[in-house]
Structure formats: structure tokens, C-alpha cells
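Think of it as A, B, C and D in the order they're written, each chain with its own count starting at 1.
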Amino acid sequence: MAGSTLGKNIVISTWGESHGKALGVVIDGFPAGMELDERDIQKFLDRRKPGTSSATTSRKEDDLVEILSGVFEGRTTGTPISLMVKNTSQRSADYSEIAGYYRPGHADYGFDEKYGFRDYRGGGRSSGRETIGRVASGALCSKLLSQMGIEVCAYTKSIGDVEIDPSKFDKSAIYSTPTAMPDADADKRAMELIQKCREDMDSIGGVIECRITGVPAGIGEPVFDKLDARLSQAIMSVGAVKAVEFGDGTKVARYRGSENNDEFEMMSDGSVSKKTNHSGGVLGGMSDGSDIIVRAYIKPTPSIARTQSTINKSGENIDINIKGRHDPVVVPRAVVVIESMCALTLLDLMISNMSSRADYITSFYKNK
Amino acid sequence: MAGSTLGKNIVISTWGESHGKALGVVIDGFPAGMELDERDIQKFLDRRKPGTSSATTSRKEDDLVEILSGVFEGRTTGTPISLMVKNTSQRSADYSEIAGYYRPGHADYGFDEKYGFRDYRGGGRSSGRETIGRVASGALCSKLLSQMGIEVCAYTKSIGDVEIDPSKFDKSAIYSTPTAMPDADADKRAMELIQKCREDMDSIGGVIECRITGVPAGIGEPVFDKLDARLSQAIMSVGAVKAVEFGDGTKVARYRGSENNDEFEMMSDGSVSKKTNHSGGVLGGMSDGSDIIVRAYIKPTPSIARTQSTINKSGENIDINIKGRHDPVVVPRAVVVIESMCALTLLDLMISNMSSRADYITSFYKNK
Amino acid sequence: MAGSTLGKNIVISTWGESHGKALGVVIDGFPAGMELDERDIQKFLDRRKPGTSSATTSRKEDDLVEILSGVFEGRTTGTPISLMVKNTSQRSADYSEIAGYYRPGHADYGFDEKYGFRDYRGGGRSSGRETIGRVASGALCSKLLSQMGIEVCAYTKSIGDVEIDPSKFDKSAIYSTPTAMPDADADKRAMELIQKCREDMDSIGGVIECRITGVPAGIGEPVFDKLDARLSQAIMSVGAVKAVEFGDGTKVARYRGSENNDEFEMMSDGSVSKKTNHSGGVLGGMSDGSDIIVRAYIKPTPSIARTQSTINKSGENIDINIKGRHDPVVVPRAVVVIESMCALTLLDLMISNMSSRADYITSFYKNK
Amino acid sequence: MAGSTLGKNIVISTWGESHGKALGVVIDGFPAGMELDERDIQKFLDRRKPGTSSATTSRKEDDLVEILSGVFEGRTTGTPISLMVKNTSQRSADYSEIAGYYRPGHADYGFDEKYGFRDYRGGGRSSGRETIGRVASGALCSKLLSQMGIEVCAYTKSIGDVEIDPSKFDKSAIYSTPTAMPDADADKRAMELIQKCREDMDSIGGVIECRITGVPAGIGEPVFDKLDARLSQAIMSVGAVKAVEFGDGTKVARYRGSENNDEFEMMSDGSVSKKTNHSGGVLGGMSDGSDIIVRAYIKPTPSIARTQSTINKSGENIDINIKGRHDPVVVPRAVVVIESMCALTLLDLMISNMSSRADYITSFYKNK
């Protein structure tokens, strides 16, 4: 059954394998009339490109996006937007060996059990390159959200035990540090840790935080399409994510209600506010007007150079040494992926919300 | 837009408010021929019923389920199964006061912003009673899963700082302790904590763990309908859940790859196994043949008796004291809800998996 | 797989068998704030009730609808609306015989092949009573559409070879004639034909036409969710419909382009019009501003009293005489069903259309 | 909202405009392990290619398909299959004039009303070239269906008043005659009619019939996802179709039940058969074991060379002469499109049917 298709109003279908001809996405249902050219999308893709920072793999990929449909005279037409990135840096030979065994921590075994065989080159469909389609879609959604004063901003919160200091938050650093940390000092220490992992032929995990500001209250559909529920699916669907939390997250399990409840208050300008934001901006599955705070916990890259034991397709226990160019940490490159999944999900639910009241519908058609 | 409908093969639509005439669910797409009577469902509903344990509210509700359609001569017919529980213990007067203000930690404000008004009686649609439809559906799915040797088993892992001792795991205790903990000793300490919270006019959170055994490898659809992604949506959609994690969960962010990778090995009986299960049974979004381990972190009940400040609908800052019968902890009653969401999601994806290979389809029709 | 669930924004799930406890529908996603009480729905259900006219079966059923959820203080709340009609006039004994054989023209054989067995009482799920949930939903959608100046009006166009005279169109006659024809004279002749069929222990087919006025241009989503495509699914899903056509319909296959094209023209009031309406109000899958005209061709009731030959479940050729109270014609009772399916589909697509342009979305949120 | 996405198990998303860079489709959910190369698809695309017959436009397009993903070592992998056809024969200049007015019989006006502007070059998204993605998908589904002994075969039944003689049915002629008629004699007369239309600067409609053989009984999901309902949406979604009918179709409205009912009978080989097939192979929305017969009524090409009056975007009444290379009849090229939509829909519903019984699911997993 189809599993590469997501969304209710804006439906994206991503496609492509790590070492196939190309990768891409079809975005169906994106509204008409938004100005769009390749640079809007390239800007996002460049943030996930390998080889941009010393924190990541040394592979060189250009990942240049082409708009194949759905844009005319510089604006979206309302019809499907097809985006494609050609694969140019394929060294399939590197991967031929892994065809015969199941790498620990990878999807190889599941693919073979599910489909009977797999495109083993570079991880095939389960490669990190699969996220190209996600990020390209996220670029469009972020652009439209920003026109409504909504900012979706993800960054690296920690790598291993190196954590940012929130009091030193520097947004520009997200886009300039190799780790995508908003704290140059933490970045420096994280880079040392990453270098250490590389020397140890090992890898390391980390945490990505995404903060969404400017969302009006009431976004999210009770019961199953809650804002946090839909964001959880979207974020957990990114490879390597093992936990998702909102606001104070796992900590709430030890809280008292009197600690956890956020009290509402009226501001002097007549706006509604909350004195605290333990909820992470979501109450009862709907936005509560505060910043939405969500975190993804990312596992260490499973491809490590040191010897591991596993089984091969003939059912033998074997020892392996995985070759190839691998990131010792996937966190920095996944930041824009998480940001994109949040943008996609939020915009989709904001569209749903436009028909939440009968008079929204009747007014829309009366004013046309 | 519709938000109370979930699933791709088996689609459930839940309905009902806390103090309306009734609550229920329509289960569309459940396969034909499974034996079913009310007792199969009642058994599950009784696990979420208030008044069964001293850990929860003193309200008495019978919550007797009626099968209205889709079952004939004791078996499911393949057509929609409509299940209903009538509301019998409604004391709406208790709630009239809350119509005018927004309770901290509740969905009241979001509902008013989204819909313009709300059914404020007992939380209306955002009441815990909404889960009746979820649990009734879960009962059916669990029954069918058990016929395939799959067991979905949820329990309370911790309440506040009281945690079970895994070495004392006693499954039967889940169904007999008031906290739904599989450890009578921890249960006793947790009950003391709950009593303390009650005395303090406060509430407490906790953690629910669900272990699914017997799932073959390869269940879950790359890319967006990953097993862990779909489970995350399903679990996060339960009110009060603020974090979801699989296997070692949040801890992996600090792991090295060499610590986190689970090595595959062949067992002497020819089966595939993993030496460890850091992954929690999911790799690349597909089951890996190990037990699936997922945890939900539950916030403390937001309705607490002590004075809180908030705003009313007129935009004034006010102090409130919430009346009514409230659980100091929702964890024990939510255990069967989490278990149900896991059963629903897993069965749905197992059906999807039946068409993953062309020869599954051709064989099915050749053998008919 | 689920097949009783329909819609993208407003999702309905119908349930119930002819001789089960009850029938009903859950309407998920209906917008909040519309005034609604049982009478709004009952009015529609009464139009499909048997026993109201001499043209139909003599069974007496009250079919009183109950609103179980989703309405508070007289208005829809935005949460699922559960509607139920209890079955009260069940004479299951009449049907016990048909359990063992397959009635010609009925779904019996398909049900047994698909599900392994069936609820044979009164046709079970394939009974005309299944349409109760459709009509109840249609009542809500029609009410909201009427608040936007849109009228969905279906009527009997012909029964056998008796056709209405469009020049004598009298809307009020639809609701007063036993055939639901808008032409009292044709009604009289049709009733004679129906009486003749009854005497012959036979049945007769007919045509239902639905005219939708007031729809703005541009409703319907290219490519697969075209207005006419979605209406076709909705209408063909009504039992007994064997053909669906728009505007000049089947006749266009013999037309020249110069005959079929509708020329646009500007009216003196500045509005756009078409000189003709061969298209039936749909061009390229979108409404074109003219009246939408769609016709459903209904087969004669398959249950006829005369002897027919068929097979039984043991694989023997047998002769049967179907007992029970059957309509010699289903057309009059199906009129409100077709009208309901059109209302549901149109409203669903009108909601989709609200996000067709980026500035619709940005304006909506700026004006909130 | 998304409208270019179709299907429940196999989900296709088509994209592309007539004069954009390329057109294509992503097929998500197609099962793994089927042998596939470009020739399987090209064979189908060639049947819709212009310039192959004297019946159609003189444009030359190669329409060579590229498989971009989802196929590895000659077999489908179970992951999304991305197919692309580059646009090579673009003479956009021909179309620049139509930017400013609304062609009668076309979607131009609807597009502008819906989206605010449109890609006017060659009809943009509403061009017949949009069907490339449909046909490419249909090729895959037809191939898998044929491996189960199911044949989906569409052909031209009539053009204008020239109809095939069923007694002279010659299947091979479908693929060799310019009209796609299975009757060389009728083809000759139809070609004369088409030539006459061309001379008259006019166009003509026709009827396409599709016969599906080998389908087991019970395919199709009551209530809304009936086989005939889903086929109706799929077929009506093809541009220019104005009516869809099954079996005796519109004629049944004048039938008596005794004429229309198909009596079941046991064949000497123990198989179930029907003495007649008025139903067109569908009863109660499920296949009944007989051939499925469905017909699409196609309107004459709206682009005709003779002078027509219409309005321009400034709201003026004007006269126009549409330039460009247009088919005087679209029927021959639409044959493979209708065939593809039938194949897609049928395969999708056959997959749904695999979970219709509980023991189908339990057996599948026991036998794994």
C-alpha cells in the first residue's frame, strides 16, 4: 500500500532512491498564485546538502532542483508541482557488498522481508536522500506560512552530551555553524565530539528542536488529527528519529498538575497569553496561541566503520566492515528536514481549519 | 475538516460528548467472519471505566456497549460495526460554571477559538470519555491480532517518580492493581503518592509502556506510513500524552552508534534475532521481528481543586476553583486506550502489508 | 477495506442493516455554528419513507431520527454528528427463505463470495434502508448550501416510458405527487403504469434528474476530483443506478462540436452567461456558472413476485418466488437520495475550493 | 485541495502541463517484484500518441517514457515508481492568443475563476496530454491483472452515428485501425465521417466501450466504494466524457424487472453463470462473475476551426477562430485512457478485497 504520500489538503508524494536516476516530489493541492522559483527551494535543499560542513560526509552533491510543472510565469498555478533533483554523484560500487547482508541499525532486513528484495545501493529508498522531496515541499509551505507571519525554525539542540545554552541563542548561527546550532560555543564543542567519533570509527546522536511562532489558537482537528498527533507522525517518519515530545515533554510524567498547568492571562493590549508554556503551544490537540515547541531525538548514524557482526542472506553469522562515505552524525543535515515536516503539517491543518465554522464558508462565498 | 476518523484499511469514526446522549464509534472495513459479542468489547471498556479503582474518580458509570450493526449470528459481517455506549451518569450542573472561562491545561480556549463556542459540559468532545470509541475498536483489533499470535500489552510504567521494577514484572497485576502496574510493590507506593496528591488538591503524571510481541518483520510502509510514525500519531492523539518514544527513545540522542546498533544473529532454530533491542522493534519504519516497545508520557490531570488564575470569555483575569469529580491521575485508565491505539494501528498496517508483493496478490486470486 | 466512508472535508460513515437494531451515520467535519434540530433531518427522511404514497411498498416505518452528538444548544459544534434511526418494523420471517439462494438482480451472490456469508434479512446492508444515513447527511448539507443561495433539487423525470413535460414543470408537485414528478399529469399516467406492473407481478425503472442552481464557477478539482467525476461516484453508489450523465449526456456522442459547444456571453448586468447549457454546468470538471444538470438511470426493482429461476447455495438450479413487501418502482423514494448525494458532494468540493488560491488562505488568517 | 491524486491502495499522482517541461506520474503502493521495463509502458503510451493515425492531429510527439525510480534490476521494488515524459513538440506561439479569452466547451473560464489565472499554453493542465500519467499507470496495472487472467479491453464503439457491428468483432483491429474500432468496415465509414467533419471545420463525438473479463465475483466495496461507483469516478474524470453506463445502462430505465433481471445458473463444470448480462457484470456494487461492460460517451472536440463567439477577460463579447492542430475526434486516442482508468480502479479494489475476511488475514500471516 501507498506509504510515500502524506497530507489531506496539500498532498505530497515523494519518490526516488539514493542511487537511482533522480529523486523528487509531486505536491498536489498547493494553492495558486504564490510567487515561486527554483531559488526558493534551492535555499532549503542547500541546508541538507552533504559536503557543506566539516560535520558531515565528504560526498559532493549538487542537488539542483528543477521545477517540472505547476508554476507559470513565476507563480504557482494550483495544479501539481513536480520537483526533481537528478542524482549525479553515484558510486554504486561502494555499496555492492551490502547487497548480501543486513546492516545493524538499518532497514535492510525489513525491506527484504517486506518486498522480497531491495535496491541496496546507498540504502535505496531508505537513504537520507529520500528527504529531498520532503525538504523541497517544506520550502514552499514555509514560504506561504511566512506570508502569514508564521515562522518555523528548527535547529540542533544537542549532539551527544553537548547542549546549546538557550541564553546564548543566536538565530543566524543556525545557518552558519556546521552543526546548525544557534550557539557558536556549543557548536565548537560539538565539532570536537564529532571529530572524536570519527577517529573512533563511531557515530553520535542528538536532539533537534523546532519552534513555531505566530500560529493563531485553534489549529488542529480533534480527535485524531490533533496538531501534535499529526506533527508526531510527520516527525517520526523521518529516519533516525526515535522520540518526539512537545513542550516539557517526557518531564511532565513526573510533574504535579499545579506545576504543569499554564495559566491564561489577558495582556494589556487585549491579547490572550499564557504565563508559562509547559504545553509547548498545544492543548487538547489544538494550538493555544503560544509558541509551538517540538523536539526530535535522533539516533547515531547506524553506518559505522568499525567491525560489527550480523547475518547474511544465506542465514550465516558474519562480521562486516561497512565501507563508504558516512556522516558521523545526521543531526545537522536533518534540521531542515524536521523544519520542513513541521511546515507541511501546520499549513495542511491551517487549511483544514478554514472550514471549521459554517459562517466561514458562507462568508467566503458571499464575498466572492 | 474531519478529524475523528482514522485508518486506511480499517477506518474508525468516533463520536460523542461527555454529557451528550451517548458515545460510540463506527468501524468500517473490519473483516468478515470473526466471532464477536458484546463481552469481547465490554472486557476492554471495563478497563477504562471510572470507579473501578481507588486510584481514579468516584463517578459511577456502567458504560455498557451495544452492537448496533455489522454482526450477524455471532460473527462480523464485513460491513460497518456500529458500537454505542449511552451516557447515564450526567451531572451537568457541576460543569455549568466552566462555560464562562478557560481552564488552564484544557482545550477550552482552543475550542472557542476554532468553533466559536463549545459544549462545555464535562469537557464535551475533549473529555476522556471520547476514548470509549477508541477502546471499543481496539478490542476488536486485539482479538483478531491474538488469533495471529500477536499480543499487544500496555501497562503503567511509572506514576510520578514511582517506577516499576522490570525484574518483578507480573502481567496479571496489570489487570488487578488500581494503577495497572505489573508490579504490586510499585503499585502500593504509587497509590500512596496518588493519595498524597489528592490531599494536596493536586494531580500527577506518569508513563505508559506498550509491548507488542509476535509481529513479523516488514510491517510498516516507508516513507510516511512507517510503523513508528503511524503509532506516534495514534498515541499522541490520546489526550494528555506529551511525548512518544520507541525502544531506548530519548536516550539514543546521547548514544554512540556502536552502543545503539542492534546486531542481527541467526538462532539455532533458523530464526533471525537481534542481540539487543535498542530499536524497540522498529528499523527504518518497519518491524524488525523483535518486540515493539513504545512509551507514552502522560501529563498530570489538568483539573485540580486548588485555586488557579485564568481568564474568562469577557477577557478578564479571574481566579477559579474547578469543581467536579476528577482523577488525580489519568494514567491507569489510559493504559487500555494506548493499548487500543496500538492494536488498531498495527492491524491496519498488517493489512496494508498483504499487498506489498505482486505475487501475494496473484497467489491470493489463484488460490481462491 | 472500508467502503462505507465518503468525503474529503466532510466525511460520512454510514452503518446499519435493514433488519438490525438501527441504522445511522456519523458526519465528521461538518462546520460549527449551523442551527440544527431533528426536524431539519426528519423532513428529508420522510421523503424516502415507504408507505407515504401508493406508488411504493405498503410497509409502515416511522424512521424517526435521533441526534446523538455534535449538536449543542441548537447548533452544530464542529465535532462528529451521530444520527440514528431505530428499526421498528422488522418482519424477518419474510426473508428467512432467501438465506439459501441468490436472488436475480440482487447483491446476494456477491456478498457471499466476498464475505463468506451475509445478513440476508431484508437485504441486510444492501437494502434500500442503507440510504437513511445518506439522506440524513444530505439534509445537513442542503441546509448549509441553501444559506449560500444554492438549491439542489431532484425529481422523477420518467418512469418506464412516461416522461414529464418540462414545459409543465411544477416544483411543488415533486413533494406532493406519489411519483415525485414535477408534472401532475405525467404523475397520473406513471401511477397507472406502476399499477399495471404490480398487477403483472413485475416492476419498472425510471430516470431521476437533479438540477443544482446558484453554484459559482470553478468548483471541482482537476484532475480526478472533478465535480462531475465525484458526483458520478456519489450517484452511481446508490443501489439500482446503472448510468449517470451530465447535460446532454449520452447524446453528445452523436453531436458535432459546433452543436455541442456552449458559447459564453456577457449579460447586461455584467455577469457571465452561456447561450446554451449542453454541458450541464460542468466544463473541464469545474462548474461553469450554469445550472448543473445530472441524471441517474434507475433499474427496475429486482424483487418481483413472479417465478424466477436461479441457484441455491448448494449449487442447484431452482425456481423461486420472492415473498415480502416490495416496491414495484424505487424511483420515487430514490429522488431524495440522489439529491442528498449531490448536496454532500457539492459542499465537500466547495470547501476544497476555499484553499485554491494562496491569497484566500493569507486573507482568511489576516482577517481573523 | 489535491485533485490529481487517486486510489486507496495504489495511489497515483499525475502532474504536468501540455507545454511545460514534462509530464508524468508517481505510482505509490505498486507491489514489489513485477518485471517492468520502459517497453511495457511505451506500448500503452503509443496507443494515445498523436500522429499515429490519419484520424487524429498531425502533431508529432515521441512521448518517450523514462522510469526514474521504483524499478531495480528489472523489477518493481514496492517503492514509488516515478515515470516522466518530456515535452518536445511545443509550439507555444500557436496558443498565445487564447490567453485572453474563454474558448467555448473548454475549462478556461473555470480555471480563471478557481485559480485567478491559468497556464493557457495548449490547455495547460486540462490538455489531453494530462492523460499521459494515467496511461503510464494503467500499463502497469494491466500487466499485473493479465498475470491473474484478467483482460481489460477498450475500443471505439461508435463515432457519430457510425457504430460497430458486434457480430464482426475483431480484436486485432482495435490496434490497427485509425479509429480503434474492432470492425474494419465500421472504421472505414467512421474515417469518412471524420474527414467530412475536418472539411466542415467541425468535430464529432463517440462512444468507448470497455470489457473486462476474468474478474472473480465479489470485487467492489459496499457502500460508496462500489466497483461501478469507483469506475464511474475514474472514467468521468477523463476530459470530454459526459456519460457513463454499465451493461444495458440508460435502457434499464424503461425495462420491466422481468426483462432486466439476470437469472443465475449452474454450469456443467460446477461454475456459476448468468443466463444474460444486463447488469454489465456488477450487482450491488460488486462484480458478479460476468464480463464487466462499461461505456463512456465522449463529446466532440471543443476546439473547432470555425468562427465562434465568446467573451474575453475584459468582459467583452468577441468572435474567435481557434488556431492550432486539433483532433476532429478525441475518441480513438481516449480508448487507451479509458482502458487504463478501468485497470487502475479494478486492481485497487482487488487489493482492498484481500482483507474482506478475517481468515484471509490470519491465513496470510500463518503461511508466511
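Throughout what follows, contacts are C-beta pairs under 8 Å (C-beta built on N, C-alpha and C of every residue); 3 or more make two chains touch, one makes a residue touch a chain.
Here the structure is a predicted model, which is why all the values come from computation and not from measurement.
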Pair joined by more contacting C-beta pairs (A-D or A-B): A-B
Where chain B and chain D are represented by their mean Cα positions, the distance between them in whole Å: 44
Inter-chain centre distance, chain A versus chain B - centres from mean C-alpha coordinates, in Å: 26
Chain A-chain D separation of Cα centroids, rounded to whole Å: 38
Sites on chain D at which at least two other chains make contact: 1-5, 8-9, 14, 29, 32-33, 78-79, 114-116, 125, 216, 222, 351-352, 355-357, 359
Category of the chain touch graph - line, ring, star, complete, other: complete
For the chain A and chain B complex, residues of the former touching the latter: 1-6, 8-9, 14, 102, 104-107, 109-116, 125-126, 130, 158, 160-161, 197, 200, 202-207, 216-226, 228-237, 239, 242-250, 252-266, 270, 272, 279-280, 283-289, 297-304, 306, 308-311, 315-317, 352-353, 355-357, 359
In the complex with chain A, residue positions of chain D that touch it: 1-5, 7, 9-11, 13-17, 20-24, 26, 28-29, 32-33, 66-70, 72-73, 75, 77-82, 84, 114-119, 124-125, 351
Chain D contact footprint on chain B (complex, rising order): 8-9, 29, 31-34, 76, 78-79, 144, 147-148, 216, 222, 350-352, 354-362, 364-366, 368
